[in-house]
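Below is the structure I would like to discuss, written out as structure tokens.
A, B and C are the chain letters, set down in written order, and residue numbers restart from 1 in every chain.
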Amino acid sequence: MTEILHRTAAELGADIAAGRLTSEEVTRAHLDRIDAVDADIRAFLHVDREGALEQARSVDARIAAGERLGPLAGVPLALKDVMTQVGVPTTAGSKMLEGYHAPYNATVTQRLLDAGVVILGKTNMDEFAMGSSTENSGFGPTHNPWNLERTPGGSGGGSAAAVAAFEAPLAIGTDTGGSIRQPGAFTGTVGVKPTYGGVSRYGQIALASSLDQPGPVARTVLDTALLHEIIAGHDPLDSTSLDEPTPPVVDAARSGDVSGMRIGVVTELGGEGYAPGVEAAFGRTVDQLADLGAEIVEVSCPNFEYALAAYYLILPAECSSNLARFEAMRFGRRVGDDGTHSAEDVMKLSRGAGFGAEVKRRIIIGTYALSAGYYDAYYGSAQKIRTLIQRDFDAAFEKADVLVSPTTPTTAFGLGERTDDPLAMYKNDLCTIPSNLAGNASASFPVGLSEDDQMPVGFHVMAPARADDRLYRVGSALERANEEVWGGPLLSRAPELKGAAK
Amino acid sequence: MALSVSDVERLGRLARIELSPDELEQLAPQLDVILEAVARVGEIDTSDVPATSHPQPLTNVFRDDVVAESLPVADALAMAPAAEEDRFRVPRILGESQ
Amino acid sequence: MTDLVDFDEAVDRYDPVMGLEVHVELNTASKMFCGCSTAFGAAPNSQTCPVCLGLPGAMPTVNGKAVESAIRIGLALNCEIAEWCRFARKNYFYPDMPKNYQISQYDEPIAFDGYLDVEVDGEIHRVEIERAHMEEDTGKSTHVGGATGRIQGASHSLMDFNRCGVPLIEIVTKPIVGAGAKTPEVARAYVKTLRDLIKALGVSEARMEQGNLRCDANVSLRASADAEFGTRTETKNVNSLRSVERAVRHEVERQAAVLDAGQDVALETRMWHEDTGATTAGRPKESAEDYRYFPEPDLVPVAPSREWVEQLRGTLPEPPTQRIRRLTEAWGFSELEMRDVVAADAVDPIAETVEAGCAPQSARKWWLTELARRANEQGVELTEVGMTPQQVESLQKLVDDKVINDKLARQVIDGVLAGEGEPAEVVDARGLAVVSDDGALSAAVDDAIAANPDIAEKIRGGKVQAAGALIGAVMKQMKGQADAARVRELIVEKLS
């Protein structure tokens, strides 16, 4: 069983396709692993045991009947609970949606099902994806498999932790300001935020529509690329989705050639506030890339320093509107409908009871930022900063093929450490936010452990919009070089989980 | 700028979020700190910078005027907190005094 | 009871300013932002989906046909068409709007700066158009537990979202000034002209009674034509042409009374009540009504190419005022006759009747007399009266062919309206054909002469004009079904 759990998704897919393994065996192995360790990790909000096995058997039957399916057919996956899926609950980590069942599949969900990927269950997340630690989940935090006292990052902490804890080889995340990449960095997994519009948002419960982007999470670069290819592509149901071919991400992941590639180190993303162990790992990695034949250049993106401020205006503004539909009139937990309260009262009471503190904070900020008289100073200015950040990227990409930085200023912090200080929490996203504002592609790759605390460090790579393949070239090159040094994947060095011993 | 408790209460009303006195007391100073931080967007002169509302410069994405299948009524109403006669039942719309 | 000032006095003392907002429901097959059907009258919530129910994760997609209709409306209103514009979210909570924001347009409407010329008493008023923008309709609420289904006093409401998301074009005028005492008529003429234009464009059924076309009237008064605008009220629920005129008139009378009493007009939404002919206070417009508009991030901008716009310009129908001028001439009507036709909303039915082959004057006669009277009695629009232009043409043909006379024709109309079939069928079924068979007529004439010897004597003496009395007697005996001209001939023959 351990053998199955430690195989890559690409290997599992090949074994299943060749009849060496059945999807049912593979799925059972992962469901058993979830049973064994998830009480400690709490990566899943819902495990769809029967549904997953049924799906696995159906894939097995199709393969037995001689059908040729895709490279990940029969391979299990953990779906972030922000994506709708028929037949199981969709909560977005909010009490407001406890027990909610969507009547339709998100486009990402549908593509996974069509590709024969087996969906094990729905993963934990910060409520409505607002947070960087999964501590804002209405259903309790997820724990980092490397150290159960630390957070796995957020908002997609559940997806990253599930993959890091070998509960699933693949997961889906969504990234609004770093929610795929930061948990990737914290858990030693690979996370890619595709170019905005590369993957359909239809059926993703929206946080901030102009920033949100679903993406793949996995333990290896190739697995991430294979998953990327399945979920990406034009969707007529999402008007912001790009109507053009997906960049050749799988080829890039297999090539891993960075020779002659110009790699731009962003001056502004480092220095004060960055942990020494993170900076050391970052520097080591840049040197590694140079050794692999890449050309290292320094680039400056002076407006990045305003990114955080712009982001924390644009996001709350859009979310204050996106979350207006959660008022318990057509769905959701209704409070105070006792005949004495008006619809307005019931909306207020339901939202007051259903939303957690961070969601309330952001909705209030967003309501304020959009209100008459403040719009220009806040939202309007933030949208202009967005233009300046795009220009910074454009200029930098003249000099470099990709830009790099640490994914996060620090490694995974302790549970409860930053919950009382929203601003400290927000600063986690310093490096990841610019790409959401500009809409270009970015990824986090594991590049070792920090000397400070022996926790994983993420290496952040940013590529121009529509050049997602460049991320995979860099990631793959680093993965090969590092595994040679480490003698195997970084995650093989993660501590054994207690629960699994029994 | 300093957001007062009553400002926060007004915003809560506008956003339809019931906030307890404790929450109001807690939120007002927190929001103040956040607003001060985000006010940085006003630090640089952006008077000649166009605003970006959409990260990709797409235009004219239209759908053909073709009827698609709707949800079965039972599915539409399945998650309703209250329903009657195939309609969503909501509390009275006007307050007591209106 | 609200105090009112006599209208003439009111406009003597105050200068009315008016702004009209008209919402036009487009006749697309599918909704504005989803593929649900827009067909009217379906079972509750049977035309809904995740998008128009505002379910978590759903995203809108723009109906291209609706954009095309918006551009055509804009062009027909002589507007500029934006080279680039966006949808915007208008944020406010209301149970009939699932997302709790309406996708609309804010400072970048698709069409702006146009005008529509309307005619009142032979005079052209140019109504300037501020903008026309695209948006989506709300759901329909049924209020339960209160009196007469009103929202006031209801214990709860039931929501049907079939209408939710149907495409709307909102057309907003600039302030209409200088119409003075004619302000209510200008309001009516504007809505009517606009309605006819929309209908001619074929973009909407444009039936006010079905809510395809809804008008909100903003009215304010000021002391004089050079004073600043006064506080306005917004009157809603104005659902017929007649109501538009009456509601504006009423608001002028009511606001004048408020101002005369030294009070301030309240900034509020008022509801028009057809039955009482009065407005009542609705929702107070919070001075801080704050819709927190921002560009809709789920939709990309609309940038109609100039080629497309010009191509659509080529599909526009003739402007209404121009059409009236052309038809007046073609039909040989006097200005006065045409004015009555326009006032009675009979241009389209007459045009169709003429097209079916009827002489214009005959078509005018039926639509403006018999049919107009019946429509009025039934309280419906002329086109809803129950007789088609083709049937009117058939009726006139029966008259022309001397199968019936005008008097019998009225009974035929009764029959058609009662659902007894086509005019010819009614004539047959009711036995209404004129008798011109000499045998039957001759006997009746003989009877009339015998019964009125003195009159017969006068005619014999050369007083031919006295024949009328005998004709009357014959007609009476034959229940109006005699050919009057032949009866006259027979009388003169027999008595000379």
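Convention: contacts are C-beta pairs under 8 Å (C-beta built on N, C-alpha and C of every residue); 3 or more make two chains touch, one makes a residue touch a chain.
What you see is a predicted model, and the numbers here were worked out from it, not measured in a lab.
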A-B against A-C, pair bridged by the larger set of C-beta contacts: A-B
Chain at the geometric heart of the assembly (C-alpha centres): B
Cα-centroid distance, chain B relative to chain C, in whole angstrom: 39
Between chain B and chain A, distance of the C-alpha-averaged centres to the nearest whole Å: 24
Where chain A and chain C are represented by their mean Cα positions, the distance between them in whole Å: 57
Multi-partner residues of chain A (each touching 2 or more other chains): 100, 103-104, 210, 236, 239-240, 320, 324, 327, 329-331, 339, 343-344, 347, 367, 371
Residue numbers of chain B (touch at least two other chains): 14, 16, 53-54, 56, 58, 61, 63, 71, 76, 88, 90-94
Residues of chain C whose C-beta touches two or more other chains: 50, 53, 61-62, 93, 95, 155, 157, 159, 290, 292, 294, 297, 299-300
Residue ranges of chain A touching chain B (in the complex, touch as defined): 100-101, 103-104, 195-197, 210-211, 236, 239-240, 242, 303, 306, 308-310, 312-313, 320, 324, 327-334, 337, 339, 341-349, 351-353, 355, 357, 360-361, 363-365, 367-369, 371, 377-378, 380-388, 390, 422-423, 426, 437-439, 465
Residues of chain C that touch chain B when the two form their complex: 28-30, 34-37, 43-50, 53, 61-67, 84, 86, 93-95, 141-143, 145, 151-152, 154-161, 290, 292, 294-295, 297, 299-304
Touching residues on chain B, where the partner in the complex is chain C: 14, 16, 53-54, 56, 58-71, 73, 76-77, 84-94, 98
Residue ranges of chain B touching chain A (in the complex, touch as defined): 3, 8, 11-20, 23, 27, 30-31, 33-35, 37-44, 46, 49-56, 58, 61, 63, 71, 75-76, 78-82, 88, 90-96
Complex contacts: residues of chain C adjacent to chain A: 50, 53-62, 89, 91, 93, 95, 98-101, 155, 157, 159, 288, 290, 292-294, 297-300
